[in-house]
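Next, two complexes with chain A in common: one pairs it with chain B, the other with chain C.
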Partner chain A sequence: MKKEEIKLKLNVVGKNIIRVDGLSKVTGRAVYPQDIYMDNMLYGKTLRSDKPHANIKVDISEGEKVEGVVKILTAKDVPGHNYHGVLFKDHEVLCETRVRRIGDPIAFIVAETEEAAEEAMDKINVEYEELDGVFDPIEAMKKGAPKVHEDGNIVYHYKIRKGNVEDAFKECDVIAETEYKTHMVEHAFLQPEAGIAYVDDDGMIIVVASTQYPHFDQLEVAEAMGIPTEKVRIINPAVGGAFGGREDITLQIHLAMAAKATGRPVKCTYSREESFVAHCKRHPMVMKCKTGADKNGKLLAMEAEIVGDTGAYASWAINVLRKAGVHITGPYEIPNVKVDSYAVYTNNPFAGAMRGFGATQVPIAHEQQMDILAEKLDMDPMTIRMKNMFKLGSETATGQILEESVPLDRCIQEVEKVMNFTQGKKGGERE
Partner chain B sequence: MKEINLTVNGKKHRIKIDENMRLIDLLREKLNLLGTKEGCGEGECGACSIIMDGEVVTSCLVMAFQAESADIITIEGLEKEDGTLHPIQQAFLDEGATQCGFCTPGMILSAKALLDKNPRPTRVEIKEGISGNLCRCTGYNKIVDAIEKAAILLEKGGN
Partner chain C sequence: MKKRGKGVGIIFYGTGYGNGFPDISKAEAELQDDGKVAIYVGATEVGQGAKTVMTQIAAEALGLKVEDIIFINEDTMVTPDSGTAAASRQSYNTGNAIKKAAEALKALIVDKAVDKMKLNTNIGLKVENGNVFVKTFPSRKISFKEIAEDYKENPLKVEEEFIAQTTEMDEETGQGAPYWPYTFSACGVEIEVDTETGIVEVIDGVLAQDVGKALNPKLVEGQMEGGFAMGMGYGIFENLNLKKGKMKNNSFTNYIIPTALDMPDIKNVIVEDPESTAPYGAKGIGEPVMIPVAPAILNAIHDAIGVRITETPVTPDKILKALK
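Moving on, here comes the complex of A and B:
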């Protein structure tokens, strides 16, 4: 098909289209879960751990005496499996005997008013027997480190082996060897988690919550409730931003349990502070990189070790650390590559999906490696990139041949026009 | 309990309130004006912004009783009765300046307060005008574009 013919068929691509939900949003009529009020509804509040690693004993009796409290749910009230998690079922719906991070949910209080629920929360007695925790992922990998989960702290190890790095480093004229660290990042989507659940006349449990994964939530709610998935309906109203932070369960199961236990609609809205502790973070990573090039600036070898801190729960750690491993070579042809990428449990806040899924952290390492090499070669930073970048037909570290659009050269040239990287250096060499 | 008088979107109200009630709760729970959003409850995000006596305020930090005799505009007060959008709303829609939409009502009201005082602001002035409103989705550029466009629409006298 000729280019023009294809163009004629496109009704959306290349055009400015008004969002389907734009009108409801500019008028303030879009309905987020906190905007739903139902007759006879109750309010839910989550009691969370304030210790990062401890055995717990929970006594709710004083909380139950607070006027207006209808029900306090703890681990023993979970009707089905007391677990959830997108890859590993390593979260408990409500922690039974042990907490693994600050913010682990321990009890869900259901009351006539938010004030009553809060008062009861203060009255619940949690006895903590603190355990040694581990907060550095490198420490967590060592023998004898406190175990966050029974099977050990290393959740995942991803490897790339291409060519022979040892031999290749011997051929290199310059080598950059550096350790990089990135920090945890919070999504801070503007609408804090909120939801409302109720049981309809047919006994169907309905959970209305802003989520990125209604079908996953349905499965997880059904498993925890011990009922078939067709007895659970998830309704996803307007979502006030997510960026990966709404891929794990937060309040969905608590609400379903509360609605079932009380027979009334139950609503829960997190404060900003609770939102911060309730959902995942971007994985902090430690990246040890060794990159070598010949005197012309051609990359010959890269060796990298990446350790991602997934905190107390795995969430999407496997996908994130695999992606980090795949992308640590950057958009460059490197004939010899050795990568080891690990996801590790600690007692820190748990990490999961956040914009880029592991591909966001690694450029901090691979691009600084390029700059260091350029400096050692007295070459400008653009030239070294142009010499090594992926183009049509390039082979990546994982053996993929790039067969379609790879317009990185054009992109860098446009940037060069504005930034003048090569100024003062002719043909990549200093004048 | 306390009773206050106030005007919201041109309508006069006499309302019973609790002393510890915030203005955002009055708007959302007593008047059912749910377009005013709560993103932080601490005056940081601007999602709860409304116009009170011509000034933008974060309604999570104003007590309801402080609104005695006040003249308040919320997002619901911007459309005409026949449903015609206010030029700022139209510009936000046309420029793609709303994504998740949670910041949008507050953002539009901050824009209105700005344009009411300064009908042709520079881009820098627009950025200052919305500096109290966080948006986590758009990256702000389209919002600034929309407010620039709204200024032109308003100057032409309407939609």
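Moving on, here comes the complex of A and C:
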């Protein structure tokens, strides 16, 4: 489509149509999974590891004696594959002999009331034989570090090799060399995980739970249940925010197993504290960056090493560290680039998708690098950016040509209009 | 003492699954008995506004009002797979699939209208407000509802799919076209650092976001406000206090996220430059709106106190330590 065609009269697109789901949400009529109650419903609670790395033995016998407890599910009760995961199937539905992080699910207790389920949870005996853990991704890469999974801790290594950085750095008049560290954060979506599952008259397992990708949940539930995909139905009611935190399975399979095992609807609602421990986090990254420019402020070379901590499970680590590697140059033309980006297992909470997906961490580094270079060159922060920024026809560090829709110059100008960076610093002291 | 500083952050963001992975969205469009059109997609409304903008795309393509689109996306039994609500891909990917399906259904409706009105061609016809009519003789028309009457048992329905174009990168050199489209944004902030408490306050901000084409400007602004808050939280508020694999801050008592009171009155600027492969030119913006905020704040802190903080989160004790 040509731009002139897009400018053709549009009747609906481009208009401030009021959210179609707005009224039901502001009036409280929208149905979130926590709002759903069914006749004859049971409640589920998840027993989780409180050790970051340990071999476990689980004895549920005392828990089963609690009045009101209907069923306690452990690894041996998983009907199909006891694993799931968006890329690698490295999560266990319920951990069998080993836990790799605090919060790993060990048992799912199904009871007539939430109180009974909680009481049983306290009575289940988990014998932990603690193993050495590793909590720093740099340490985890070293030989002899405790192994989180059998195949070693380095999950992925992404490389960019463009031009020749060694030669280019010799040509640079200024170089910024800095190590940056970003931290792990939580999505903090407003609605903690909740769901309900039941089996219909035709034997179809129905899981009602907020998710970002119902069709993928359907596959993962079917694999763990050992049944065809068509026998699983995911209903995705109102979702109270996600930001990447609802991509991995949390309670969907547990609920499906519980509904199948008991023949009754089973509901589970996480508390805020359980929500924190149940879903993934943003990857913390260690980013070593060396960026060089000539005396006019034109970037000549960048070398970067990124180590991303994916915690105990891979989730989207490969895609996230790939995206980090592609984006660490920032939106700048740099003719010589060398990037090494690693994803590493540790015994930390597992990291996965979160808004920006690896591209949110790297500007903490590349944008400070630009300011450091500008300062060395006695240049204002806008000028150095405008000299190097992507524009129509630019080539990225991966060799991709930006052949349309690159209005970065206009974005920068809009910021400059308000902030006046080129007019010199206006900061100052105030008592 | 309070010290002020200003900082900027600019970013690019590649949307979609990327790296040659099949990034597929499917959509179905079905003519209802009453002349309305149902759109079936497996794309989740996570609060980003998917239901609204996708309804707009379908309405635009079919010449209908938003009220005449029935949007169904909650159930795997009745919807096709439209991929995940992530990677800022739903407006672009599923939006494209919906546009294709809506246009295909419209073409089918026009064909049926030609038969039913006994016209000699489908040339010179217009579709508007649920009617197909002869442009030069508007009283010669038929409504979607009248056409639907013939298909009560087996409604007119089409399925289309859209696959985003990327290539797998070379394993040794990383060369390739890993994402498309790219979205760009720039953020400027002014902050104030209290040198006695170490507290950083963001007092002003401007966020300029390339959107290709804004499907719904108010919803874009909503994303920008939320993105700014989340970026600010990332830079200076949120801290899990992770020790030996344990999150010490695991509730909103001690895991502090920004509230409305922490948000400065920011200026949002929507920058349009339509992308030809996108539905009506619209690119995904769900993620990029938050990305330039934290780096702009970090640069502003350096401008204010002359110290560069290289480790997030920028907690007050880190500022105080840096000032010593």
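Just a few scattered comments:
The rule is simple: the second predicted complex is superposed on the first by the 412 of 431 C-alpha atoms of A that agree within 3 Å, B and C clash if a C-alpha of one lies under 4 Å from a C-alpha of the other, contacts with A are read in each partner's own complex, and residues count from 1 in each chain.
Simple rule for what comes next: a residue touches a chain if its C-beta (ideal position, glycine included) is under 8 Å from a C-beta of that chain, and two chains touch if they have at least 3 such contacts.
What you see is a predicted model, and the numbers here were worked out from it, not measured in a lab.
In the superposition on chain A, no contact is made by A:Thr422 with either chain B or chain C. By the touch criterion defined above, A:Pro237 reaches chain C but does not reach chain B.
Residue contacts after overlaying the shared chain place A:Arg272 against chain B and chain C alike.
Residue contacts after overlaying the shared chain place A:Asp35 against chain B, while chain C stays out of touching range.
Of the two partner chains, both chain B and chain C are touched by A:Ala188. Once the two complexes are overlaid on the shared chain, A:Gln218 sits against chain C while remaining clear of chain B.
Looking at the shared chain after the overlay, A:Thr27 reaches chain B, while chain C stays out of its contact range.
In the superposed model, A:Glu367 lies in contact with chain C only, and not with chain B.
When chain B and chain C are set side by side, the one touching more residues of chain A is C. The contact surfaces that chain B and chain C form on chain A in the two complexes overlap at residues 16, 18-19, 21, 188, 238-243, 272.
Of all the residues in chain A, the ones that touch chain B in their complex are 16, 18-19, 21-32, 34-35, 187-192, 238-243, 271-272. Those residues of chain C that touch chain A in the shared complex are 1-14, 17-19, 42, 44-47, 49, 51-52, 55-57, 59-60, 63, 65-66, 71, 73-77, 79, 81-87, 169, 171-179, 181-182, 184-188, 190, 192, 204, 206, 208-210, 212-219, 227, 230-231, 233-234, 238-240, 242, 244-247, 250-252, 255, 257, 267, 269, 271-276, 280-283, 286-288, 290-292, 294-296, 298-299, 302-304, 308, 310-313.
By the touch rule above, chain B contacts chain A in their complex via residues 34-42, 44-45, 47, 74-76, 78-79, 85, 89-90, 92-94, 96, 98-105, 108, 134-137. Of all residues in chain A, only 1-3, 6, 10-21, 52-53, 101-102, 133, 135, 158-162, 178-186, 188, 211-216, 218, 232-244, 246-247, 272-273, 276-277, 281-282, 319, 322-323, 325-327, 330-331, 339, 346-349, 353, 355-357, 359-360, 363-364, 366-368, 371-372, 381-382, 385, 389-390, 397-400, 402, 404-408, 410-412, 414-416, 418-419, 421, 425-431 touch chain C in the complex they form.
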